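Okay, so chain A shows up in both of these, paired with chain B first and chain C after.
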Partner chain A sequence: MDASEVEFLAEKETVKIIPNFSLDKIYLIGGDLGPFNPGLPVDVPVWLALNLKQRQKCRIVPPAWMDVDKLEEMRDLERKEDTFTPVPSPYYMELTKLLLNYASDNIPKADEIRTLVKDIWDTRIAKLRLSADSFISQLEAHAKLDNLTLMEINTIRAFLLDSLNCMYKLRSNQQPGSSKGQFTDF
Partner chain B sequence: MPCERKPMRYGHSEGHTEVCFDDSGKYIVTCGNDGDVRIWEGLDDDEPKFITVGEKAYSLALKNNKLVTASSNNTVQIHTFPDGDPDGILTRFTTNATHVTFNSSGSRVAAGSSDFMVKVVEVSDSSQQKTLRGHEAPVLSVTFDPKDDFLASASCDGSVVVWNIKEQSQLISLPLLQKTNDISNAKSLCRLAWQPVTAKLLAVPVESKVQLYERGSWDHVSTLSDDLLTQLINVVVWSPCGKFLAAGSVGGSLTVWDVNSKLCVERQKHEKGFTVCDLAWHPSGSQIAYTDTEGCLGLLDGLRTSTSNTTNTATKQAAGTKPGKDYDALFDDDDDDRVMDEGLSDTNSPVKKPVTGDDEDDDDFLMPATGRVRNRVAILDDENSLDTGSLKLGQDKFGDDDDTGSGIVPAAAPLVPLRPAYEGPMPTLPQKAFQPGSTPAHLTHRFMIWNSVGIVRDYNDDQDNAIDVEFHDTAVHHAMHLTNTLGHTVADLSQEAVLLACPGTDELASKLQCLHFSSWDTNKEWMVDLPQGEDVRALCLGQGWAAVATSALMIRIFSIGGVQKEIFSLPGNVVCMVAHGEQLLIVYHRAPGFDGEQALGVQLLQFGRRKRQLIHGEPLPLSHRSYLSWFGFTAEGTPSYVDSEGVVRMLNRSVGNTWTPVCNTRETCKSKSDHYWVVGIHENPQQLRCIPCKGSRYPPTLPRPAVAILPFKLPLCQTSTEKGQMEEQFCRSVLFSNHFSFLSSSGYEIDEDAQSQSQKNQQELLMKMFALSCKLEREFRCVELAELMTQNVVTLAIRYASRSRRMALAQRLSEIALEKANLIQEEMPEEEEEQDYSSVRRPSGSGQSEAAQGRQSSRRYQEEEEEQEEEQREEEEGQEMEMDEASETKKTSVSPPPMSQRTYLLSS
Partner chain C sequence: MDTQSYLPVQPGVGMEENFLSLDDILLSHERLPIRTECSFPRLGFLDKSSDSQDIPEGTKMELPLWLSKGLYEKKRRVLSVELPKVYREGWRTVFNADPNVVDLHKMGPYYYGLGSQMLHFDSPENPEIAQTLLQTFMGRFRRNMDSSQNAYNEDTSALVERLDCLEKALFSSGQSGLNSFQSWEKGRASQLTASSLVLNYRKRKINDIQP
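Presenting the complex of A and B:
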């Protein structure tokens, strides 16, 4: 799974838009959308919101958590706690990126929000690396992934799995006798 | 001693608030629960300077440009005045200080505290402190002897103690007050006051009287009281001359006595009856500032107790010029729309405040004001005539006081004939004309209108004055940006045009500008000058026409292309005006309202082919003490409005044009100061479109507010029960489908799917209610419900009744069914004739017959629909019947089938 796939999944999240056109309900496999009334907020998936936005057919209402005060609070909490704190949305990073790239004119203080979300992301990734390090150095067998988002897991998955494989190979070569003995048992 | 009570204004957040004047009398200084000290340049200062002194400020004193405050960090601190720089801490207590005061020269400060102590500190050297111990409860107030020998303090232990400052000893302790354990429980703050200048008397508020104690002997020499003053007195202050004493009470009364004659010379009442918690007398003696426990600041102006050595003629002159000044204040009304913004701000809504200050009166509504002023002139004249007569008498009486004393006699003379203050109903300030969906005109960035078509915004800062027009649906027209050179203040927007208007100035007439963007020719704009002296107050756009209400009580109708079509007069000042299609609705002032109520009238006119008036200036119902905050038509064309209490009402055309409350937006607000700013109403689907505003009545332009949707709910009884709920749904459904018959009667096409849907819903609800009543054994109610049903549903009800073994009920129902069937039979033949008639839409025939036709055709449609349904039902019913009968024979039970099955049947 790569980042673009995770982003694709994130595009299924709903976001409020204020359309500037009028359209009856549209019936899609994924569910009904609309009706669209000009000036009246309606919930649509992010992919549609971005598409309409690019065609200048709507204004995007940023999600409630995309607010400087709330994000600052979250960042401070994230820095204070040793464990991962709950995130506002399971796709917070992807949504921030998508919405800020395509609809930054509809989001007040877009730059500050970008920095704040990046701060939170950096803090969390640092924590993740730290825990991966202790996971390996203490030869743990399993770890809890509470409050981790798909994107975060995804960033470390390939690296962690490969390195674990390598380590395993290295370790099994170091003690050829014992490991071979184990394998022969089965 | 007539005086003018200025309207209260918001000073601090709720809680104990204190006030004083600076030495020159130029500033009013207040402190309050928000920890700020505010410096007001007069009561009208909209942007007072403030100094933050702590989290809370309990008390303040000001002298020699030193501001002493008692704040929540248990200190008494000095700030410089008026700069507000911190100048050190005078003293500390173990808990907060409750009252601080200066001595007459300003060299010492006394502070009483909740830790039972009183401290006297030298301002120049805070290390020189004297602590007075002896109180057994928190100290309520302290006051210095003007000659600096003594200090008096009152405490929650019930005593008033006079101390000798030098020896730090109690001279006398008087058990005068009620005992309490804390300031917060004390009924009265018991603010003592020592007579200035002569220092002869110490005033102690004891319950509803003021007791005066003589310096030296400490005997109780006299008591000041007033029959109309029944509540506990909180605070007393001496006038700077020492001849008058003012008291503020827990119930909001303000009373002034002449101490020599012991007569009450002035009575005023706090406009809302809140507790007066501090008073301050202007150094000139002409004004008293007061504050209440809600943090508001008020002012009594025009008290004539001057201590200056004016000669008699000077006093007379002053008396002579006074009424003139009053009139000036009355007519030089500041035209800056203050009333409007007060109307929309929370603290000073016009309706919650009876008309008091004459300078507040709008020049449109002089009636109540002039009445009162005339009254006042009479009193003033009285005094003038008395002046000369009483002069000699005064000299005789007070000649031994001092030579200059005669100067103040005229003021004190007319004491005896003073009438008690007028306490009857007060006229309400009539609300100003407004454009529904606009925010107050004084804002630099504001909405000129927000309606279902789009938004018009006005930016009016120093560099730029511009108007932005934006459409919700960009298919209507692209956004427009205009420079507002004319200074337009009101706007309306429709699918065809933008209408703007500006008030007239001395040179320029009031102008009306129309941007007719849907015009097919190249000239998309026209402009009209109103006659000189006539100002646009309200305007609106209908379909193909525009209406303007002016200050000359005139309604002018223009075509959308700019042809003047109609002109007629309005019985009162316009409040607002809205249009939809061919309907024009005007709200105006019928008469002055009283006690916070607005007396509004409403006219609904229909233009188009047959012009007529549908509502003939009937009174508009509003909630108690509220004013109109939004008026508009629903998207389907039913007039509806919102008052300042958040109640939404809608015209009920089926009950003789009455107004039905359909929603209370305040019920969904989280906090008291939150409001919903309504922008539109839709009947199908039922939507109340509004913008939630946190802590205000209207939204800011940035960040761009988002529209929310509220549901409607009729305030029926017992809506928590199943019965009440269904009744509410049914009534609401009926009310919100009224527009179908109205629209079809006025020749519009209607959404027949939606209509049949709503009728189906209603019948379903009726059947549910029928089943419920059946279960509750309310057969009479069942019959009542059956009368509302259509024939087909009645047959269903009969079946239900017979199934549940209610034969008597089934019998009655079948009679009803028969009646209904007969009714349909009678209508049948007529329909045939009308068939070809109705194919010609809108012939020259009258609207009435068309209405009937519309109704019939809709009914016919509904019948067809139901017949189809019925067929379906029959089939299912048939199957079920067999099953039911089978089970019934088996169990021989007499109970009717379960409800859920029934209702399922109906909805299937």
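Presenting the complex of A and C:
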């Protein structure tokens, strides 16, 4: 899976916007949106919010978790705990990048938020690598991926799956009696 | 996303080889030290060191893996295969002590593949060989993962030069994950680029086709 495909999935998340135009309810396959009234906040998917924002038709209200104090708290918790802590949104990385790139004027302290989210991301990736290593070295057969987001899994997926595949084959060497290990005569 | 004009077949790694894998074809040409258990009449030309017409019983020579595997039979002793020295007791202790210091490219470069293939030859040390292969892989995993996931936009030749072919393939899949994430983060993923197939495609001239 490509990172941009993960981003595409993230664009289905809803975000609150304050439009500056009026429009009746619009009926789409994915659900009904609106009605839009100037000054009244309304929930729309991120892709629509960004499109309206680029045409300067709305102001984006940042999600509640996109706040310096809350993110600092989360970062400290993430650093303290050995396991993965719950994240505010399953697409926190993608949403931060999208919203900060296109609507940084609507988000207070955009730069600090960017740094904090990056810190959280780095801590989590380091943990992910640590747990992948212990997963391999203890010859575990399954792992619980609680609180991991799609983007995080996606960065390590290709490598981890290929390694597990190799390891499975090297492990099956140890049981030469199994029918898979027998080589067919030419 | 990296696109290739063909999809290479992955090596089989274990006891079975993948017929269409280029790595496994190269692997099957690795030379193994063997000892003949019966005489091979009129095959003396295979052994360049002697002038006799036949290969007598008890000759020590090297044969490629594919040939030794074909000739080896448990019931009719045609030849016996000796372990290459990287799989012997002495080197196994080294691998068990610290697998990270070993230059597997020099040892192999198909250390894991050849080691798994050695299990066909019913040596009494088979369980230890299989165990060492697995331990070596596990021991080297962390370093391989860290280097493949961190080396962004830099020369990786120093990192991969000591890796076995199998580990090199893993390294590049780790790099592809890292690169796709980094290019997304930098906003490069949203730009459309022409496929490498299109770029490589040149218009054929009629003169090239007709002899």
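What to note about this one:
Here is the rule we use: the second predicted complex is superposed on the first by the 166 of 186 C-alpha atoms of A that agree within 3 Å, B and C clash if a C-alpha of one lies under 4 Å from a C-alpha of the other, contacts with A are read in each partner's own complex, and residues count from 1 in each chain.
One rule holds in what follows: contacts are C-beta pairs under 8 Å (C-beta built on N, C-alpha and C of every residue); 3 or more make two chains touch, one makes a residue touch a chain.
A quick note: this is a predicted structure, and the numbers were derived from the prediction, not measured.
After overlaying the two complexes on the shared chain, residue contacts for A:77 are found with neither chain B nor chain C. When the two structures are aligned on the shared chain, A:61 is found in touch with chain B, with no touch to chain C. Within the superposed three-chain model, A:41 lies in touch with chain B and out of touch with chain C [touch as defined at top]. For chain A, the partner touching the most residues, choosing from chain B and chain C, is C.
In the superposition on chain A, no contact is made by A:164 with either chain B or chain C.
Of the two partner chains placed around the shared chain by superposition, neither chain B nor chain C is touched by A:28.
Residues of chain A touching chain C in their complex: 2-4, 7, 97, 101, 125, 129, 132-133, 136-137, 139, 151, 154-159, 162-163, 165-167, 169-174, 176, 180-183, 186. Those residues of chain A whose C-beta lies close enough to touch chain B in the complex are 16, 18, 20-22, 38-41, 56-57, 59, 61, 108. Residues 452, 454, 471-475, 689, 702-704, 706-709 of chain B are the ones that touch chain A when the two sit in their complex. Per the touch definition, chain C reaches chain A in the complex via residues 1, 12-16, 69-70, 112, 116, 119-120, 126-127, 130-131, 133-134, 137-138, 141-142, 145-146, 148-149, 166, 169-170, 173-174, 176-178, 180-181, 183-185, 187, 189-190.
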